[in-house]
Amino acid sequence: MPPIRIFVTGGTFDKEYNELTGELFFKDSHLPEMLKLGRCNLDLELRTLMMIDSLHMTGDDREIILRQCRSVPEDRIVITHGTDTMVETAATLARGIADKTVVLTGAMIPYKFGSSDGLFNLGSALAFAQTLPPGVYVAMNGRCFLWDRVRKNRQTGMFEEVPASRR
Amino acid sequence: MPPIRIFVTGGTFDKEYNELTGELFFKDSHLPEMLKLGRCNLDLELRTLMMIDSLHMTGDDREIILRQCRSVPEDRIVITHGTDTMVETAATLARGIADKTVVLTGAMIPYKFGSSDGLFNLGSALAFAQTLPPGVYVAMNGRCFLWDRVRKNRQTGMFEEVPASRR
Amino acid sequence: MPPIRIFVTGGTFDKEYNELTGELFFKDSHLPEMLKLGRCNLDLELRTLMMIDSLHMTGDDREIILRQCRSVPEDRIVITHGTDTMVETAATLARGIADKTVVLTGAMIPYKFGSSDGLFNLGSALAFAQTLPPGVYVAMNGRCFLWDRVRKNRQTGMFEEVPASRR
Amino acid sequence: MPPIRIFVTGGTFDKEYNELTGELFFKDSHLPEMLKLGRCNLDLELRTLMMIDSLHMTGDDREIILRQCRSVPEDRIVITHGTDTMVETAATLARGIADKTVVLTGAMIPYKFGSSDGLFNLGSALAFAQTLPPGVYVAMNGRCFLWDRVRKNRQTGMFEEVPASRR
């Protein structure tokens, strides 16, 4: 069983509802709770790199994620990430990582809101991270896409395959 | 994207609480609802073969599952199953199927009870079914085991690896 | 069993998460689903008057609610309302209704978010509406306050009693 | 705000699913969690008297509940109880208590199962306990019944009114 690194960057996954202001915000990651709920028994190391909406993620933020992916000893990495710019971060990582399996995943509905796709996506991302060859991937909607073959359809919220040249 | 067949056989996954008798029972499968929650966008065919507690599953029941796995056109199959005899069914299937990827999965807590591992397991099972070579596997606790290398630990409820010879 | 009228005006109670925009919005009221979940067996008439955030509620909106309370035949009325201006609406109603029991209630967390106080508040509001004499009340936090003896504490989110003269 | 005593006796309210045996069982009461979820701000004292299925409740158990109701200083009492023999316990209490408001309530679905009526019933029971005159009552389905005017309909699971003489 190869060890897997999980990096948390925020995204809808971890959003919560502030009952005093009526706004969504980030507090702590729900990943530990989700892994416990899934009775997950993998050899995992989890680190929170940032807790932000991926629409606010900068080039500097992406460099931090890239450096972290390169510096940790694990060869298999899952990154939780907002869906809006997940593909952009995947592209940054793909240009700097050649020998690791990196799987980005996220959620359309916050985990705390009861009807989230997060637990399903997390289960699939961890499975893809264990079985796919080195490369950078996006795991959403039960599928796994190579980083340069995917886009988020903003009308449907679904991730879909695109020819490599059309991105 | 290869088509995947899902066979439902019941198990804790699909148990519900009968509020008039206070007992657990089976009605309809929750798989369609779970796939919708996961925003799953795979090419799936779903069929319910039986709705039973796996402690009540007979050799005849296992033959039905085996025949169905062999007769459907799909090469990738996920089976939802009670955890108590999941390994036994996996062994039956392994003896009769050589050229398909079959992944059994289940849940420790019913999906309807709010704190179920089912959605996590379903996500991982569908991912393993897409990526693993032909063989019969058990996907639980975020991991995937070959059918002859796994047992359920009844004290912890966790699935764990065993040497092939010790089963 | 006296008939009870329920008026829906929106508020946190009925907010949902738009997974395409990441914003909160109103669609349909969750009251029917909540009443079913509570196995509620009262003689109820439910009508949605508006679906708005109570911070956006105008004097005209409050007049609509007042007219509706006066015109329906029921003497016992529950109103679901955003918490931010619930006390203000209660004051408007108190000035125009003398002979009916009107109970306003709401929620700090949307019903759809899984950890809502809404079901608890709805149960208490319906009970207060059945048992209290004519008057306009706010039912929150398990308590019931006369309209001119209550304010929302914006630091704690709790409703608390105030002397009648201090409002 | 009069102080309210809550007595926990078990019942469906507090049942949990044992994932190792697949059976329902009692561990700790969920009342504190439910009161927190409801942002309940009443002056409450909570004591667990027993954690049993009401079908297993004996005459001795009922005497314990009666003695406790009589001995505590609070005049307003809510009792969580299994629904099957709630009316029988109410009758025992009514014969021994004249000057307190006692409200029994329960749930058809365990609180932990996500779709429980428990939070709704708890909200209504606490409201009835604050507003009704001395007497022993059963609060279910949004309604409140005098102890000698109610029965549980075992076909529908609903509590319904009966003429006093027909019990």
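Going by the order they are written in, the chains are A, B, C and D; count residues from 1 in each one.
Here is the rule we go by: a residue touches a chain if its C-beta (ideal position, glycine included) is under 8 Å from a C-beta of that chain, and two chains touch if they have at least 3 such contacts.
Just so we're clear, the structure is a prediction, and the values are computed from it rather than from any experiment.
**Q** What is the chain whose Cα centre is as far as it gets from that of chain D?
**A** A
**Q** Measuring from the mean C-alpha position of chain A to the mean C-alpha position of chain C, what distance in angstrom results?
**A** That pair's centroid distance is 40 Å.
**Q** Can you compute the centre-to-centre distance for chain A and chain B, using the mean CA position of each chain? Integer Å is fine.
**A** The separation of the two C-alpha centroids amounts to 26 Å.
**Q** Which whole number of Å gives the spacing of the CA centres of chain A and chain D?
**A** The answer is 46 Å.
**Q** Among all residues of chain B, which ones touch two or more of the remaining chains?
**A** Within chain B, residues 108, 115, 157 contact more than one other chain.
**Q** Which category does the touching pattern between chains fall into here: line, ring, star, complete, or other?
**A** Ring.
**Q** Okay, in this complex, where on chain B does chain D touch?
**A** 12, 15, 17, 19-20, 22, 24, 53, 108-110, 112-115, 154-155, 157
**Q** Note which residues of chain A are touching chain B in the complex, please.
**A** 1, 34-35, 37-42, 108, 115-117, 119-128, 130-132, 139-144, 157-161
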